[in-house]
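What follows are several structures.
The same chain A turns up in both complexes below, where it pairs with chain B and then with chain C.
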Partner chain A sequence: MQTNMKKYISRAKDFISRVYDNKDILWIGIYISGMLLLILWDSLFLNAPAFSKVFTAYINSIFAGILVIVFAAVLGWGAALAEYYTRKKGNKYLITIWDLFVNMFKSVPQIIGILVGYIFLAILISHEVITGSFFQLFWMAVTISFFVFIEIKELLEERIEYYSRSDFFNAMLCCGIKESRIINYEIFWKNSRDHIIQKLISILGITIFLQCSIDFIVSVGLTSGVSLTNFPNTLGNVLAKLDSKQDILAMGNLFSDPLYLPKLFTTHLQGINIAFLITFTLLSLYKISNGYLRRKGL
Partner chain B sequence: MNIKNIIRKSLKFDNMKGVILVTLLFLISFFIARSYKAYLVENKSDSFSEFLALPEFNVNDSMHRQLLKEALNSFYPEQIEKNEKTANELERYVVEKFTNPLFKEGADRGFLTFGKIPDIILRFIPFVIIFLLVLGITYYGAVTLGTIKYLNYKKKSESVVLTLFDFIKSEINRNNFFRDKKFWQKLLTYSGLIIIKMFGYLVLFSPAYVAAYAMRTKIDTDTYPFLILLAVFTNGILINYINKFYTFLLHEGNKGYVETALVKNLDEDYNNEKYFSTKLLFKIQKKFDGHVFGHIYKNAEFQFVQGIKDMASFLITGLIIIEMALNIQGHFGYELLKQVLYNNYDVVIFYIYLIFLLVKITEYSVDSFDNFLKRKYAN
Partner chain C sequence: MKEFNFNIEIAKKGKEIVSIEKYRFTESKITFLFGESGIGKTLANKAIFGLLDESLLDVKINGLNYSAFKKHEVCRDFRNNGFFVFQEPSSHLNPLIKISEQMNEGDIGGSRNDKEVLEQLWRKQFDSFYKNVIDIYPKPYRPSGGEKQRVLAAMAFKKLRVLKNYDSRNLYVFDEPTGNLDNYFRNVFIDNLIEQYIKHRFTSVFITHDYSIVAYIQKRYSKLLSDIEYKELYRAGEKSKLRKFDSAEFLKYDFKKLARNSKGSGQLKLAVKSGIKVFERELIFSKNEDTNYRASLKVNSGEITYLKAPSGEGKTTILKIIMGLVKADEFAIRFEDKIVDQTTLPKFWSEVIWGKVAGIVFQHADEALNLNSKVKEVFQALPLEEELTDLDIISKLNEIFDEEITEEFINKKTGQLSGGQKQKINLLRTFMLDTDIILLDEPTSGMDFNSIKKFLVMLQKKLKENKAILLVSHNEDIFDPLVDEENRYYLKTTD
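And now, the complex of A and B:
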């Protein structure tokens, strides 16, 4: 029996050693298992309305996050090309305007830009210009993507710069290959796809962090005059609701009474769930992004 | 035009030119916001302000407001809709004025005047001091912990999970191992370490407001030291930069000059306490003279300096989020949020401009320091 056990443990260790080298895959597995475990726990201990609220908030946040990375990729790609061709043309006025535009987005902290964008969205929603959860999430994603796309733009610029330093670029030009094809296909698609995917994963993490923070801030701080309560449920604004906040505050009881721990996972489940979902998603995305970076040797 | 030149030119964009242009843009936005606000104020006062001045009319009394509505309907029956709108606006005005907590604080909603600028600057100064402290601590933390992570990698220390497996595998050979107290003690220690590591990760990645609310009932979360702790240890910033520095060390460790240094008889023993004692590792200015790691460290730190620009921007975002989410009254971030909520966009633009200047000054300082290092190591 002991020999069998030893064999199993040895195999388990080998398996873990192997997945340790592919940490992105390991963390995708951990994330999926964690989510399944959470759903199982919630179905046992969380009441149905709260469960549905948490689940909708999670889906909305992830959906908006995915939309953001799609928009950011398109904006970043467009901006990198625009910058390249603007500088190539050498028009001083165009370059100045372009620099001004980029400088603005780079120097204003993302959270402030998004906050102002959200207020603008709230006005549009209150005037019923934007209706329905899908379009509200869509425009929320557009707003956030304006403040994260610079990272993609800078990555693509670095890639052009990297290849232009080698003979690769000029050799291809000499072969009669169109410049746009060299940049878009040869550099971006064939030689930078892994870099772009890794960047998009990390942007998804940043987006979820920013989105949760801004939703939390506006839900906690907004006045009746500028209510964003009509916004679809996201992890940030559900966390800001009184019942969730009380659940988080209850964690403080652990300092004086550590035996309170089991109660947290049964009676204060809504807030704990949301906080865990945000943190676990951010941690997993970070680990997946880093693991991908190492596995691909970027 | 040569591609190299195009890119070199783009990278050489003059900092001052950018600052001047953005300042101009801020000025234009400021005047647009100001005139828009003036327009709103003018139009807003026309709708019901004349009724506020009526003798004997008490706007706080709901009966008076109802009477006003009925009087308007009696005198102007042809404009019922307009009367309804006026009555609703009056209701909203009362709700805002007497139930909105932000109004109760007596915060003003006026235009940005020269008199208000010193107040804003006085709020900005502590923000800058906190930012500099957080930046310094985060930089030190990232470099120190990144170094420790690299040394562990070089010492080939296995992760706790794998060590646990090894331990169980070795213990299984012994008869009745599960009756041995020491076995359970060690098993508990390793399991405890795994739980602590996971918990540490969750804290480091938790948004600051989650961590702060979790402690709010026991600790005063509105103090400066707590604010600094939150800004350093949460939001995933510290761990991100530890990893960045570690990656720089890994890259440098694989370069050719390391082999050359080893040929020149530099020490390569990563277990040598002479170079890597706890005291030396936690020093602010770390020196590893005589060991090959000294060169790896210097070159990695040299590259990491440019990362301070990004770090600064993330830290400012983090600090603003903390101040806004925790509603720390009187702090720069909270006051900024309040001005946004009041639609005081001229004041908001001034706040944003101050942050813009802080970011630019940090970038300029980092570039100057980087140039200084380049000159220092040029030979």
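And now, the complex of A and C:
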């Protein structure tokens, strides 16, 4: 009995030390636990309509973020291959046109590009060309991915460049193995998977941050035609709404009345929830990304 | 004479990486340590020298944990009075300090005889190379691998000169000190080492893959044979063991029998015109070592053509030009009936040559293989007519491997294999393509003698199949006997 106990304790110690050493896994655990705790707290203290609004916004933001990383991965992969083969072909005109196209996306600040994209989206939504939350989120994700896919493209290009200088690339070519297989399977899949995953985690963080920023900018009213009511609920979008703003302002009240603190967690939950979800998600993604980087020795 | 005797166990994160029982060498002797690369020669010697990092590796020597062993008298003597010449010269030299200054750091600064030591290793007047090779920063001036290796050897020889009390417990480890040197400078190094040894009678371990050193020692230092030991590390299951290397077997091995048995049809398969202009120099082929009479390099079916040159002369570059991997400014090559030159488009090689007419085995298996691929994936990627099954791959690997190949082995990542195992896979990959022309760049590098013999049998089979082979190797003692004089070429640079 005692020996079994010792075994369990030693296994538990091993498990804890392994999790503690692998910061990405630790932070996934922290994130999941934090979210469960938040759900429990909100189910006790947050009213049902606000609860539904907050968690719909959260799900929408994460769903849009995941769609962005899928689109960015596809666009980045396509663009990296297009660039490699265009340069390999050596056609000056083709290279110039390609450079112009890529630099166009690179030169526009992400936030401006997405903002312009959102204006078009808002017009399409208000004219009921795009209807339903799913398609609205889908096109929001497409818009954002056009301004973040460059990160994936540049990573994949670096990987191709690094390996194409090595004997392994040349040795496989000399064996008659197709270049497309070497690039896609041997370089990307076998040797860059971890780099790509780490980059995608970062892009998820960037996307959530950009969404929140854009929703804030839109909330102050860029044009009469673009308003938050056109878009599905997201974290930034809900945060910019009046109820949430008042909850956030209540936090400022703490400076003059510190005893107000306990009330914050029971009566001003909507705004604090959203603020917490944004910062906690961004912090966790940052920690997971860094931990993954370290664990994989990238 | 007293023997050093160590049982060495090295593990990383609980996984055993080297385990050597009875690693022995004798005091006051030079021990040449052979064995395939990656078997643990370097790690074992670094371990006994106290050079391993305890925070990364779990090391036990003779039952002692590593921190206790490092405090042990034997290890302290090795470290304080010996010298370790590392295998990779680049990692030994600090790029931010001039080589001339590094040659006088620490206790080797006590010996101010750089000129004499260096002249002996360069076999040239000091002034002719000092400014360009020694009085420079390793970066960006980048001395060649051979030059860096001679600098390290010079440091070791200086250390020998500053020692006042010579003791047999002073251990000098030379880890592949001649790996980047051609045979001439390799022999110069050995001559220097033995000259010092005769004077001081220190203990030395000379790690190498170059089995042909045995022939040189036998020929030149036959009177010293009682002071020289040949040992070989070999794989015995999961452990490495040390055995006496039978130098007589190497010396008696009839390399010529391969040549006798393998006369092919002699049909011209590949010709390269002398006078290739690349990297602002001109490379020429000559059939004579001492003169610059130009000759076209010809490779016939069923024959081996042997291209020789000192290190850094451009042998690998020539192979890469033939395979279309390096674009020369001016060249002319004939593959059977197809003629190519600097105007030929790169797609010619991908559409016509690669894997169809010619294949190449690159020198460094470590770099030529995708280390994240499984062994079987290396072969399954090949564009063969029929897809290879696991059994096909196992049976092919059994032709060159000593140990029985298992399902588990072919599912290992190539990065987990030893250097010698990687090299065999590197070779087999190209051999399985069945191209008419095969280019081999240092094909035996990292292999032990048993594997070399198996490789030679495979080579013989290829010659019988009428394949044309172009070989680059500094292992002249092995390849000279099996290549006809008329098929030996010397690569030279003209100004």
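Going forward, the second predicted complex is superposed on the first by the 275 of 298 C-alpha atoms of A that agree within 3 Å, B and C clash if a C-alpha of one lies under 4 Å from a C-alpha of the other, contacts with A are read in each partner's own complex, and residues count from 1 in each chain.
Here is the rule we use: contacts are C-beta pairs under 8 Å (C-beta built on N, C-alpha and C of every residue); 3 or more make two chains touch, one makes a residue touch a chain.
For clarity, every value in this text was computed on a predicted model and none was experimentally measured.
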Contacts of A:215 with chain B and chain C, given as first, second, both or neither: neither
A:96 touches, of chain B and chain C: first, second, both or neither? first
Partner chain(s) touched by A:20 [first = chain B, second = chain C, both, neither]: first
Chain touching more of chain A, residue-wise (chain B, chain C): B
Partner chain(s) touched by A:190 [first = chain B, second = chain C, both, neither]: second
Which superposed partner A:167 touches (first chain B, second chain C, both, neither): second
First, second, both or neither for A:175, with chain B first and chain C second: second
First (chain B), second (chain C), both or neither touched by A:275: first
Shared chain A surface residues [contacts with chain B and with chain C]: 170
Touch list for chain A against partner chain B, complex: 2, 5-6, 9-10, 12-13, 16-17, 20, 83-84, 87-88, 90, 96, 99-100, 103-104, 106-112, 115-116, 119, 157, 160-161, 164-165, 169-170, 205, 209-210, 212-213, 216-217, 220-226, 239, 245, 248-249, 251-253, 255-256, 275-276, 278-280, 282-283, 286, 290
Residues of chain A that touch chain C when the two form their complex: 166-168, 170-179, 181, 186, 190-191
Of chain B, residues touching chain A in the complex: 1, 3-4, 6-7, 9-10, 13, 17-18, 21-22, 25, 92, 95-96, 99-100, 102, 159, 161-162, 165-166, 168-169, 172-173, 201-202, 205-207, 209-210, 213-218, 235-236, 239-240, 243, 313, 316-317, 320-321, 324-325, 327, 336-337, 340-341, 343, 348, 352, 355-356, 359-360
In the complex with chain A, residue positions of chain C that touch it: 320, 323, 325, 350, 354-356, 358-360, 362-364, 367-370, 372-373, 381-383, 426, 429-430, 433
